[in-house]
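Quick heads-up: structures coming right below.
Paired with chain B in one complex and with chain C in the other, chain A is shared by the two complexes that follow.
Moving on to the complex of A and B:
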């Protein structure tokens, strides 16, 4: 009796959450339906996953040059994530563990970059890159994203939980400062790295404007750029298009679910007063 | 080695650790920003640019497309940011309930759109709302419409769809930040409040919201910043059309710089407007945030 009562009390909450969950998932469910059906069936409004996946794949691969775009996206995102985590985490560690008044002031100034809209720096950056022959290169793609103030903040905040005694003990044992960072700090901060990795990878994978600006040809373009170009024509093959959308979504979904637990854990404590 | 020099050495190592990141931020954010400002005071093309003072700024207010796109951008911001934040908080509070059975499933469902790229999201919504798209098929079958309605071909409905798409894409993302923020709140606070006879709504206003404030401030600034720079959606959902009716300012700036006859000076002047808006919004947020301290 009391158990039923408890369930009943949660019923409105469950209904609200269920409706919102459905609203969130439906467009993605429809992507799966469309990717596995013929375009004509999609246009008829079918909602049952079909058997046309292999056919859609064949059309997609034969009409568009998807492999370079896919490998580029993977390459750009993985390199961005890796370099960005190294650069930003060591900076966050430096700001917190060795903090003094000077470093705190520098941090405050750097925080201001969070307010700098990318649109406002885009043109000078483009000219700078063109001058340095960085257009159409991986370095060109990653450079604006490598040092992210959000990541530095994340690592700076989470470093507070890293026990000072460990650092002191390691120093007495004669460990170098860089050694302490790599051998002790990095392994203990796994959840923070997971959170940073998830966010950076998603941003890099989904980056569109900058990629569109500096990647000028089929050999260097990214997967989102390819999808964007697919809709340029007049006729749309929904099966093929939605299969491409599905493929573009899989990596970020996989990264998120693989790191989900640590993601929330790593975010916790990142933004405190 | 005496103690002072050890301290100094360590401080120096700290500087070395943060130097690469700080250097990159200065070179890739502050320097281009200053360059963009100086460029905004010049007109012309390539190396033949001339100093013309604030003429680019004067031009903005005579440019109907600028006025249209900035209005549209502000509309997107004013509507979507509060919805995302408020809905994000509500969802996080609803899900922050250890006895809720399907918690994991709900959280996953609501976050899932955030893993989809903005380009892909725009393409999905564009297909769903196409004249021959799913929504029209359903409306036709139900007899609500007699012929397919061109949702994205009419300014009003196209703007609504763009905003719905943005909310769909971002709400789960905000929710995750708030969920993380809620983890930091000690359960004993709520227990104490209940013992003191506080209702749930009261606990929410007196405990949850004040303690979430830093997180709300942070997410709001991020949301405002991203709303003022809508680009991917504007390009991929509607192409800015019909006419310039759904085009966001960042899209117009991009087109003025790289698609139409390039005019870097004018583009930079317009991008300074985005900077001013972001700065003002952030400042107001900080002030409002401080006041209730």
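Moving on to the complex of A and C:
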């Protein structure tokens, strides 16, 4: 009886939540449905899964060289995520743990750079990279992302919860500074790494503008670039397009769901006990 | 566990160092396959290669040209066929086609110009006709002047050549036709008691009367479009109209043709015989689903119509209605279509022009082969090909290609202008205000002209 009552009391709240989640899930649902339908049926606005998935796949792989683009995107994103996590976490740790008079001013300047939009630095950055012959290279893609101010801030914030006593104890025991970072800090900060990983991976995967500027080659282009080419023609095959979009969302979905639990912890600053 | 993490991070730092090494190695051109985490050998080789080819064009006696263009089913397909045709006499010739959409080409061109790094540009670029002149004017450093390379422009329709001509100099090689056609659903017209003949060689006033009948009897609007953009351009061009006077000054206020176009367009929307769509998908969807009984656009629209296979035999094409009371009015116009450009970075422009001469400017075989993708020639001799006379089942066995080529010959030449796109969007805004906010034509066109002058002065 009381259980039923509880359920009943929760009902309105649940209904509201269900409606909201329907709104959130609908675009994804629509992409999935569209990917299984013919282009004409997509334009008709059908919401019933079709039988054209295999056909769309065939057109996609026959018109576009999707594997190099997919490999590139995976490669760029994984490398960017990895390198930028290492660099930014060391920086964030350094800002919190070590003391220096200029530290806070430097950090303020760093934070200010977050206010500068990418479009403002785009052209000089491009000139620099062209000068260093980094156009059309992996290094050229990841370098602007390596020092991510947001990540540094995230790591610095979350480092506050990292007990300083441990560091001192370790120092007394004769552990090196690098040893402390890798052996004590990194394992404790797993949720923060997970959160940082999710954000960086998604940003790198969806990074379109920079890739579009520096990649001018079929062998180096990314998957989002390939997708953007698909709507350029006189005739757009929406089934094929949606299948490509679906494929492109998969990695971020996988990464997000795999790290979902830690992501929330990391964003709220939890530290693994 | 801790140990594993440490190893992971240390190995990461190591591979980062290797990556950096790779980047340098690419400079010297010696790429080894060692790039573990970062670059695969294929990618490294690819990038080094691209820097060479894109950077130096067709240098050192090499017969490779790089091309940026879009649409594998259409433009790229045509290029590949042209490549194989040219290779018959020039076995060493090769095209490196990099799929790059029009917007991306614009971004890269602007980046190259503002940053002064031009060596990233390819040898050949494709441009949409409506943006060709403005690109040449805005990015003069990008384009090679092709006037003196001996390309025979006489064999192309003058309207088409005009798109890529600036101050009497040729900067482009004409490619596909954008000749405008009117397509109607035969079955829907029949329900209203009409045939395609009733819509051939008519004026817009006559069209309006008939369209109202069709709407009343069948519930289908005759046309739709992405607001007024393409529709108004087609109508303007059919009378040889322009948003500018001969000196390139904005001419929106005392423009007899534009005024007539705005009046007709406004009436079409208000009467419900023309539906304004919010996106390309609903625009095409309208025709594919039978919600709209017709289409009026460049002939490339046929590819989208034919996606609805079950409508085969139900469509027919004819020429456009012409504007009433305008002396220069015709039933013909052009919308879309594109032209090739050779860049200033091409170190062997003669090779590029020779390639075009032998293919897009002289190969019947090429134009016959690309016809099935709907790419219709602007090279006049191609129209004599028997292929152009063949009936097309989808269009109720009309010989659509030869029909379109005859239309092409009558398209009036008109001045596009460098600020065409600005003008078009300003006028489109004015039209929107007239239709939905009850603005009057005079003040709205005046406002559009003021905006356009402001845009031109601040560019």
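Of note:
Here is the rule we use: the second predicted complex is superposed on the first by the 247 of 273 C-alpha atoms of A that agree within 3 Å, B and C clash if a C-alpha of one lies under 4 Å from a C-alpha of the other, contacts with A are read in each partner's own complex, and residues count from 1 in each chain.
We take it that a contact is a pair of C-beta atoms (placed from the backbone, for glycine too) under 8 Å apart; a residue touches a chain by one contact, two chains touch by 3 or more.
Model, not experiment: these values are computed from the prediction.
Once both complexes are superposed on chain A, the partners chain B and chain C clash. The wider contact with chain A, measured as residues touched, comes from B rather than the other of chain B and chain C.
By the touch criterion defined above, A:144 reaches chain B but does not reach chain C. Once chain A of one complex is fitted onto chain A of the other, the partner contacts of A:236 extend to both chain B and chain C. Applying the stated contact rule after C-alpha superposition, one finds that A:123 touches each of chain B and chain C. Touch criterion met: A:79 reaches chain C, while chain B stays clear of it.
After overlaying the two complexes on the shared chain, residue contacts for A:135 are found with chain C alone; chain B is out of touch.
In the superposition on chain A, contact of A:213 is made with both chain B and chain C.
When the shared chain is aligned, chain B comes close enough to touch A:110, but chain C does not.
By the touch criterion defined above, A:91 lies against chain B but remains apart from chain C after alignment on the C-alpha atoms of chain A. By the touch criterion defined above, A:228 reaches both chain B and chain C.
With the complexes overlaid on chain A C-alpha atoms, the stretch of chain C that clashes with chain B is 277-285, out of 7-15, 277-285 or 439-447.
Overlap of the chain B and chain C interfaces on chain A: residues 42-45, 122-124, 213, 225, 228, 231, 236, 238.
Contact residues on chain B toward chain A in their complex (touch as defined above): 10-11, 13-18, 20-22, 24-25, 28-33, 35-36, 39, 91, 94-95, 97, 99-100, 102, 105-106, 108-121, 123-128, 130, 132, 134, 137-138, 141, 168, 171-172, 176-177, 179-181, 183-184, 213-215, 218, 221-222, 225, 228-229, 231-232, 235-236, 249-250, 253-254, 257-258, 264, 267-268, 271-272, 274-275, 278-279, 282. Across the complex, chain A meets chain B through its residues 6, 10, 13-14, 16-18, 20-25, 27-28, 30-31, 34, 42-45, 87-88, 90-91, 93-95, 97-100, 103, 106, 110, 113-125, 128, 143-144, 146-147, 149, 152, 177, 181, 202, 205-206, 208-209, 213, 224-225, 227-228, 230-231, 236, 238, 241-242, 245, 248-249, 252-253, 256-257, 263-264, 267-273. If you check the complex, the residues on chain C that touch chain A are 1-2, 5-6, 9-10, 12-13, 16, 19-20, 22-23, 26-27, 35, 37-40, 42-44, 46-47, 49-51, 54, 68, 70-75, 98-104, 107-108, 111, 114-117, 119-120, 122, 280-282, 284-285, 288-289, 300-301, 303-304, 307-309, 336, 374. Interface residues of chain A, counted against chain C in their complex, comprise 39-40, 42-45, 63-64, 68, 71-72, 75, 78-79, 82-83, 86, 122-124, 126-127, 130-131, 133-140, 182-183, 186-187, 212-213, 216-220, 225-226, 228-229, 231-238.
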